[in-house]
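First the structure, which I've put down as structure tokens, then a few questions once you've had a look.
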Amino acid sequence: MALRDQEDVIREGSFVLLYLDGRRKYLTRAEKGRALHTHKGFLSLDSMIGLKYGSKVKSNIGAEFVALQPTPWDFVLKIARKTQVIYPKDMALMIFKLGLRPGMRVVEAGTGSGALTCALAFFVRPGVVYSYDVNPSFQEVARKNLERAGLLDYVVLKVKDVTQGIDEEDVDAVVLDMATPWLVVPHAWRALKGGGHFASFSPTINQVEKTAVELRKQGFVDIKVYELFLREIKVEEGAVRPETLMIGHTGYMTFARKAL
Amino acid sequence: MALRDQEDVIREGSFVLLYLDGRRKYLTRAEKGRALHTHKGFLSLDSMIGLKYGSKVKSNIGAEFVALQPTPWDFVLKIARKTQVIYPKDMALMIFKLGLRPGMRVVEAGTGSGALTCALAFFVRPGVVYSYDVNPSFQEVARKNLERAGLLDYVVLKVKDVTQGIDEEDVDAVVLDMATPWLVVPHAWRALKGGGHFASFSPTINQVEKTAVELRKQGFVDIKVYELFLREIKVEEGAVRPETLMIGHTGYMTFARKAL
Amino acid sequence: MALRDQEDVIREGSFVLLYLDGRRKYLTRAEKGRALHTHKGFLSLDSMIGLKYGSKVKSNIGAEFVALQPTPWDFVLKIARKTQVIYPKDMALMIFKLGLRPGMRVVEAGTGSGALTCALAFFVRPGVVYSYDVNPSFQEVARKNLERAGLLDYVVLKVKDVTQGIDEEDVDAVVLDMATPWLVVPHAWRALKGGGHFASFSPTINQVEKTAVELRKQGFVDIKVYELFLREIKVEEGAVRPETLMIGHTGYMTFARKAL
Amino acid sequence: MALRDQEDVIREGSFVLLYLDGRRKYLTRAEKGRALHTHKGFLSLDSMIGLKYGSKVKSNIGAEFVALQPTPWDFVLKIARKTQVIYPKDMALMIFKLGLRPGMRVVEAGTGSGALTCALAFFVRPGVVYSYDVNPSFQEVARKNLERAGLLDYVVLKVKDVTQGIDEEDVDAVVLDMATPWLVVPHAWRALKGGGHFASFSPTINQVEKTAVELRKQGFVDIKVYELFLREIKVEEGAVRPETLMIGHTGYMTFARKAL
């Protein structure tokens, strides 16, 4: 349950982020009788049990790895890479902009692979995330990811079309990462408490335009649209320079608040 | 105590973010017998007590404001504007990258006006932030800001030069926003637990270079340097475009983790 | 005629860019009996005649200026600041992307204050720029700017609505900086020679979308849309950092070529 | 000679840019008896002779290409891709910032593969570019590229170490794309005429810092350092969004002018 809880020692079943170098990290779990195969040899996932996080471990060919406790950032990055465009940088902005805190109740759609769901649950627990998705197979993937992260207790997975309505009331925030967020605006309005937060992530500017227009029509205030660029800097002594390649676009984030 | 706690109703002493339009928001508190003077007339801060957050209130000349509960984002933006260059977008990235969570123990330097201290305390409470600053007058400002935010219980303010050493041990993270972060690297190493996080915010690339070199020398791993651009998009129906002016630079963020 | 021609010596009527420091430059002309008033005293514009470009001149209170020959960059920046959003960085990209060269014939609309017209004429002379604008008063401003720049001989100013048609044929490029570029696409097609270049500058993404759709419908190929960020770096020894404020958006550039 | 001259008809030896779609373009030449092999079949390079630029040509399997005249942008992009980091966007800014015009005399170092040399020669011809490089084999590559572009007549290739001195005097500009530009600053000073332009392209911020410090020491004025981001926008009707991947860094450009 290494994602949910801060731990000092690697236990059986704990997540471990095996750091080799700036480009190669492996997210795995300490498990009896298992090994991880890498380009630099294989590592016993068994022998890590009982070590302190931060310890160095060696592969059978002598390559040195550091066994770190993964953060939600590391975790969602691994999940997100497979299926989504929302990146940790975007989640970070959302979490802080919405002021997520323990005890909040948040509606999310779509669930997708559960990367954003994990991030939301991590910050609102012991609150709850109601996560909608029409696709039951996506929700199965998400369930597994949430279970592994030790966060399933704080999530209600709902196989439902959120454009048809939201069941919950007086929620603190509605967070959308779906193709047609503008169709959810009236439902979000009804579900939110006074001053509650609306947030939507969209790759295209057309989605943003439709959503912002709908938000204004509905009476939302403080409508803000942002995009975020994350640029990595390569630091060699005497030769500092930004990385040549960067992610130039993930998506736009639209924020608004409900006025009574 | 409106920053710390999620509330539905405005009480005496609660923070209120009075939203007029996209460019004008006023951060104030509901207080008996007081009023807020704006370009659009004055508002009774008394009469808000008892209203639900999200309610509309009118100035004496009929201008309509929405009374929102401020988030940490709103709060630090107000504080940070006066004295610092670290922006909410940067704090958001740090919080998520470090995986801050309830119960963590974090060392911070320098305290400055307490904007970053507030953000850290918000996410680690009931954990604790040990905040170092050599300047006692800064710490007085920070104390007031933390008290207002209801977060002072989770912060230990220390009038001390962090380049001379860190008193704490086995902390989860060391977070620096100061002129000479590289001088703190060896102290951070001793203070951190295995796998613990180092984070530093610096406006110049020279500070980043010295710090990264020192981190490598000390044996830190997973050293990453980022900069973040936040761009606001103006959405009028049929006329969507990014804002003309943007903040082109706040600072670089350097992250690293302690390998045992 | 200092903009058009490369000169070594300041003559009567020559443009002079008086450089004081990184933030203060004055674009003026060497003229008998005139003076320039600045925050740092006044300078005789008369006494500069006969000096070499690059010479230092002093104001009556001893402030030192350098008398430089302005480039088209300096010139259009001064003009553009008053009325337009297209910046030198964007013009530069257009000029190189279109492969502008001496002898080309280019259609431009709208003329505006003539900033872009100057840049185009500078690179195609002894070719010609046909510049359309419905507003005769704009064209008067542009005429003066072109005359001052010594470039009026290479421009045909036309008080005409380019959305109604283009008179010229077999032109090398059509360059638009106007509100409704998509309405000009069919006319551009007829006016261009085989392989000829279409370029359009627009502040909103909606203009870009309409224009790109129209370009495809018309049979243009190699349609590319770009935006360009120019970031200034402040270099003090030991303290290098990007400028805090930057222009976050000027406009999008749409390029295409005519296939026969 | 299709790069140097604007032409309407493809002649033997002319450059042709064969456009297939937004991602696939082939830079080749019309030549008797030769063919181009692509993923979409092969095209006779012979049969293009005599066609108008802009014409459509078909491969043996029926794929349709448009035969465009390449611009310097297209040409340097092909050369630059193999060996350098300076991109057309950067060259464009340099050309316009320096106010390059027919007749200018420019010193350049290092020659490299001649991509920047081509761009400079294109804009100063019938002026001249003096291009220094210590490496004779680079200059051979450059010679071929310049010859193909029809620009060799305007370039003097010099196998010489520019850090040891510049032979020319009273030049309009010195343009550097080399590892140690700061070592050339004193030589550039001597070579430049009053008000003449210094420009340097460097991937690392350390090179920029050293160069700017040296420029100030030497008495250059109007020192400006820029970086440029080019972002491509993908326009599908109803789905407009920036490209996911972008080049996040090519290099910094340092500009300055000589004060007498």
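To keep things simple, chains are lettered A, B, C and D as they appear, and every chain counts its residues starting from 1.
Everything below uses one rule, namely that a contact is a pair of C-beta atoms (placed from the backbone, for glycine too) under 8 Å apart; a residue touches a chain by one contact, two chains touch by 3 or more.
Being a predicted model, the structure only gives us computed values, none of them experimental.
Trainee: Out of curiosity, which chains are bumping into both chain A and chain C?
Mentor: B, D
Trainee: Regarding the chain B and chain C pair, does the interface count as same (over half of residue numbers shared) or different (under half shared)?
Mentor: Result for this pair: same.
Trainee: For chain C and chain D, let me know how many angstrom lie between their CA-based centres, rounded off.
Mentor: Each chain reduced to its C-alpha mean, chain C and chain D end up 21 Å apart.
Trainee: Taking the mean of the C-alpha atoms as each chain's centre, how many Å separate chain A from chain D?
Mentor: Each chain reduced to its C-alpha mean, chain A and chain D end up 43 Å apart.
Trainee: Which residues belonging to chain C are in contact with no fewer than two other chains?
Mentor: Touching at least two other chains: 205-206, 209, 231-232, 240, 242.
Trainee: Taking the touch rule as given, give the residues of chain B at its contact with chain C in the complex, in rising order.
Mentor: So the residues of chain B touching chain C come out as 85, 203-206, 231-232, 238-251.
Trainee: Can you check the complex and tell me which residues of chain C touch chain D?
Mentor: 6, 8, 19, 22, 25, 52-56, 66-69, 71-73, 88-89, 91-93, 95-99, 101-104, 119, 122-123, 170, 172, 193-196, 205, 208-209, 212-213, 221-235, 237, 240, 242, 252, 257-260
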